[in-house]
Amino acid sequence: MSLLHPQRLFPADPTTRAITQSLYDGIKHLPIVSPHGHTDPRWFADNEAFPNPSALLIQPDHYVFRMLFSQGIKLEDVGVKTRDGTPVETDPRRIWHVLAKNWMLFRGTPSRMWLDHVFAEVFGIDEILNTDSADAIYDHIAARLQTPEFLPRALFESFNIEVIATTESPIDSMQHHSKLANDAWQTAGGNKRVVTAYRPDPVVDPEFDGFIANLEKFGEMTGEDTFSWDGYLQAHRIRRAFFKQLGATSTDHGHPSARTADLSDAEIQSLFAVVTSGKASAAEAELFRAQMLTEMARMSIDDGLVMQIHPGSWRNHSDKMLARFGRDKGFDIPRGTEYTSALKPLLDKFGLDPRLSIILFTLDETSYSRELAPLAGVYPCLKLGPAWWFFDAPEGMRRFRELTTETAGFANTVGFNDDTRAFLSIPARHDVARRVDCSYLARLVAEHRITENEAHELAHDLTYRLAKNAYKL
Amino acid sequence: MSLLHPQRLFPADPTTRAITQSLYDGIKHLPIVSPHGHTDPRWFADNEAFPNPSALLIQPDHYVFRMLFSQGIKLEDVGVKTRDGTPVETDPRRIWHVLAKNWMLFRGTPSRMWLDHVFAEVFGIDEILNTDSADAIYDHIAARLQTPEFLPRALFESFNIEVIATTESPIDSMQHHSKLANDAWQTAGGNKRVVTAYRPDPVVDPEFDGFIANLEKFGEMTGEDTFSWDGYLQAHRIRRAFFKQLGATSTDHGHPSARTADLSDAEIQSLFAVVTSGKASAAEAELFRAQMLTEMARMSIDDGLVMQIHPGSWRNHSDKMLARFGRDKGFDIPRGTEYTSALKPLLDKFGLDPRLSIILFTLDETSYSRELAPLAGVYPCLKLGPAWWFFDAPEGMRRFRELTTETAGFANTVGFNDDTRAFLSIPARHDVARRVDCSYLARLVAEHRITENEAHELAHDLTYRLAKNAYKL
Amino acid sequence: MSLLHPQRLFPADPTTRAITQSLYDGIKHLPIVSPHGHTDPRWFADNEAFPNPSALLIQPDHYVFRMLFSQGIKLEDVGVKTRDGTPVETDPRRIWHVLAKNWMLFRGTPSRMWLDHVFAEVFGIDEILNTDSADAIYDHIAARLQTPEFLPRALFESFNIEVIATTESPIDSMQHHSKLANDAWQTAGGNKRVVTAYRPDPVVDPEFDGFIANLEKFGEMTGEDTFSWDGYLQAHRIRRAFFKQLGATSTDHGHPSARTADLSDAEIQSLFAVVTSGKASAAEAELFRAQMLTEMARMSIDDGLVMQIHPGSWRNHSDKMLARFGRDKGFDIPRGTEYTSALKPLLDKFGLDPRLSIILFTLDETSYSRELAPLAGVYPCLKLGPAWWFFDAPEGMRRFRELTTETAGFANTVGFNDDTRAFLSIPARHDVARRVDCSYLARLVAEHRITENEAHELAHDLTYRLAKNAYKL
């Protein structure tokens, strides 16, 4: 039996399913536009083979190892490195067996759907993963990874990716993007294929690990005095300009809240002095991040970079896990997130400027219909990012559409983001989004709320045009 | 092709659709009871022709122009008047073309559904609006508006409206309602056709524009000293009695929050002194509004007016838009709204009194199942208003039923409110509500959770009886 | 016509319905595991006949009388006892008629579904309750209740209950459980049939009625000085051990919030002194409850009892109703409940300990996808309790699965809890849960998201295995 049914994720009702099929057939072959994600630009710059199945599909995937951990499996046993160098499992085949043995835990989750897609569509596997099939599947994938067809650039092309954005910090060396800039492959498709995005959290968030050292490096890299407010802002402008040269069309801001501020110059100078002393309180750190969103908006008006705001995650919730394994280990937990009040200072300052574009994300689904759709449905600078992170899954995507469309329509949304480090899952994720969006549109058609012709146009918008336009790609 | 499919909004599953059709056939011809809305009583008092299609359908409809604005269209270009008299577009045909050109923005929104209904059912149009059809549709509507069949009273009758409530402030002259009181048309249907509702926000909310001047006018109109607490309360009683003469059966309270209070006399006197000095802080203003909900409940126990509480909107969110265009321009944004704690002072005071009836609304859907249904499912004075504002749309209405019925049943709800200034959309809005309610009931029947006979009775309740009873109409 | 359709609660779509039927057929006969509830252990210890239909089905059921009360029916008229001895209706037949006359109020509610199930399946009634049928139904049930087949133990067996947990306070005499411990019936099924659970709120919550007196009794029963911190903790250990002897495998904590704390010894000593003085402020009471969750977790690590946290209910919301009728009269109203921040102190202390198991419940559905699923999807000690209280109904259960599965999977959930005082409704409630879970799984199968074989395994897990494992039964 195949791992993937051709009509997976389509509604069961035959009428609606047939409409879904028709809509999906119209857009399934469109190129992938991936305007926000976390793939490693080195892959595309160096084009070296991926090492082995576990290093590719398990060890970097926090969706996978967090579920295993929740059921008592140690991260050490799936080869997640410790900070203090305590030994962890290094045999990729043994790591693979841990996944195979616990594969049933993923029933009903997007990880299962994405990995089945990778197995079936990328590697041509048709057996379900279990302890019996684990070795054969491992060997099959391991062998494929050593062939030219599975090098990063070949996959990029076979995945039909038109453009992909990675995310870098202002103090990143940008060596891989710089290398790509001089490589003919980068523009062989016409425009740039791999672009960056400006993610300044390490130099904007006073609570970020190593913030003061980051500021120092930021100063060295730009030749500015980043411990003076003017020099600090100028350093941002310099790096934003450089990121633009490397294809960036957007910035990204991963703050604990969506709070913005519009302080007086005197207040800012005073706050910046505290922040750069390394002694900011939690409230001062929050206020500084808030002010910086407004400053970033001001710069976006000047340089045209689209802002993305990704608020609401309590990063590294477990102190012990952070100490032992570091960031991004599945311990980022959402919290309630308010927008109506939080965004007002920025919106009062710049919200009606036609040059500004801000894409809002949330991990608090209650804000979709209560705040985000009403805000994006009237402020010309605001658009809604797609269902994010835990909600990048069929039910989450469906709720996003049901909760936002009636107030914000489709034109105030921006298509799909895969937002992933897991390169091989990119086609799977976009395919899920396309199937879910077509299912939603098909329901509107079946209920005579839009026509089928309109649905075909909208399917194309949601798959391709909105992302291209919103991200200026 | 017709703009409207006869089975629009019915579920796709054939069994459920057939049940929906049967339920809908049983109630579609019932008269419209419209107990809460914002139509202009002048229309019915003077019965003059509406000026032109844009003045009727675009310029007063914040749903329509907020969506256009969100996509970069200036309000000036659709003829929304500025406060400072800066010129705006005055040619109704050019305004109409702006809508026609951007009609695709409304796909999936209730505005599209309501306007298609107006086009098809009120004006007999069967072409979709676009730049090609814009002139013909404009001319067709413009011509119709000059015919006797399209005068306000003729439309009222052809819409099969039994009774409609408008909303007026205590300091309104009430000239149109007074004129209607002496017009035989007003009671030609038996009971009063057009009634008012008492909306005291301008004299209850210390943060309302011109609050002190409003209090002065309130005093002049009632002959009471509205700057003394006793005189102020007496002025309310006087105007409530007058509103009752003009058919009012309800009051309406549009506060930022649902907070209520039960202060001592000394506290009230002290708070009232601050409030009438025009120097109330935000917290004092909030506390005064809170106390006034309790005072209004006390008066409702005496005079029988049903209270409506509409909390949770941050009115006029954009300072610049308020300054330029004034209130009600699509910039009212919801916020999280709490009820369990907020209503306790009022409920502890009067919540068990059988003479009191309070209808609760929300712009925070999270409160449906968490607070509102549990509260209305036990307190005899509380009932749930229908899905409101941004949620007065098919998905919003469906969520309302799914989230409240299991805890509060149907009898603690009050039927539908159209809550609109857009007179021509009233049949469309009621029709959408009927279709969505029938679809919900049909699913309960199809899943054998109620019988079809029960569903027919409930469909009648939700369409007609609950509104008549809850609003004492 | 039968009151119950064999395919009730199954989705209408024929494909999905057929899959649901197949899944349901596979698990409908599995024994009932009831790990959390509020039945009276006296029933099973003494095995005496239930007195009459109203005393069994109306007077103790707050779901039933709160709905009646919300529509103006006095609790006195359905025989709910007053605290001051004011007379109430005592004729069970007249009470029964109140329900019959108002039966239509329950359309669409779970009470209706549960009672119809009791009528049809337990008593073999096939007439709908109304004023005409009321007497016949009353007589039929009353007669049955006097027969041996309707004694508590006979019903227990005919309901196919494998094990049921009741809930007792540390200062309960435990006489019924003690009596059961010496009765062969208790273990005739192999393991214990009726077990207790440790619910220490009366001696943990400084705001509980009679807290100081409760502490005194707690000291008397354990021989510990419960007004010293060490003695107080030791008293808990003693009673926990005794509850374990009586079959307890879990504790239960019904706090207003999910807040936890990890205070220093000095802070605890100081707080405990205030608390035991009877003068704790609301904030101090909250902090003490918070600290006690952490203390209870510490003890659970030692003795293996599974913790259940049931936060978010504002108990006895109406002061007047509490004064007149006492606790548990339908006036418990949910509030917004936060977990991510609230649980951090406990999780930082013990959250990675493999011996700890905590089951989280909520009355705030917004926390399902935002906080609870992300937390349970990574912390090995956390699992999600099923849809609770107002959400223990078809739509509520469906939302629970849709909002948690994609992030937490199925293995981080614990099957169903009936959580009821209404013994006769237990089969009905479990049957509803089984039908809703099978419907959800069937949709995943119909949409090719899991295979039918996987769904059969999962249906078994959700019905039986997860509850047995999570509660160590």
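Going by the order they are written in, the chains are A, B and C; count residues from 1 in each one.
Everything below uses one rule, namely that a contact is a pair of C-beta atoms (placed from the backbone, for glycine too) under 8 Å apart; a residue touches a chain by one contact, two chains touch by 3 or more.
Keep in mind it's a predicted model, so treat the numbers as computed, not measured.
The chains that touch both subunit A and subunit B are C. Interface residue usage between subunit B and subunit C, two copies of one sequence, is largely distinct: under half of the residue numbers at the contact are used by both copies. Rounded to whole angstrom, the centroid-to-centroid distance between subunit B and subunit C, based on C-alpha atoms, equals 40 Å.
In subunit A, the residues touching two or more other chains are 11, 13, 336, 366.
Subunit A contributes residues 1, 4-5, 7-14, 66-67, 69-72, 104-110, 113, 314, 317-321, 330-336, 363-366, 390-391, 393-396 to its touches with subunit C in the complex. In the complex of the two chains, the subunit A residues touching subunit B come out as 11, 13, 15-16, 336, 338, 340-341, 344, 347-348, 351-352, 354, 366, 369-371, 373-380, 382, 402-403, 405-412, 443-444, 446-451, 454, 457-458.
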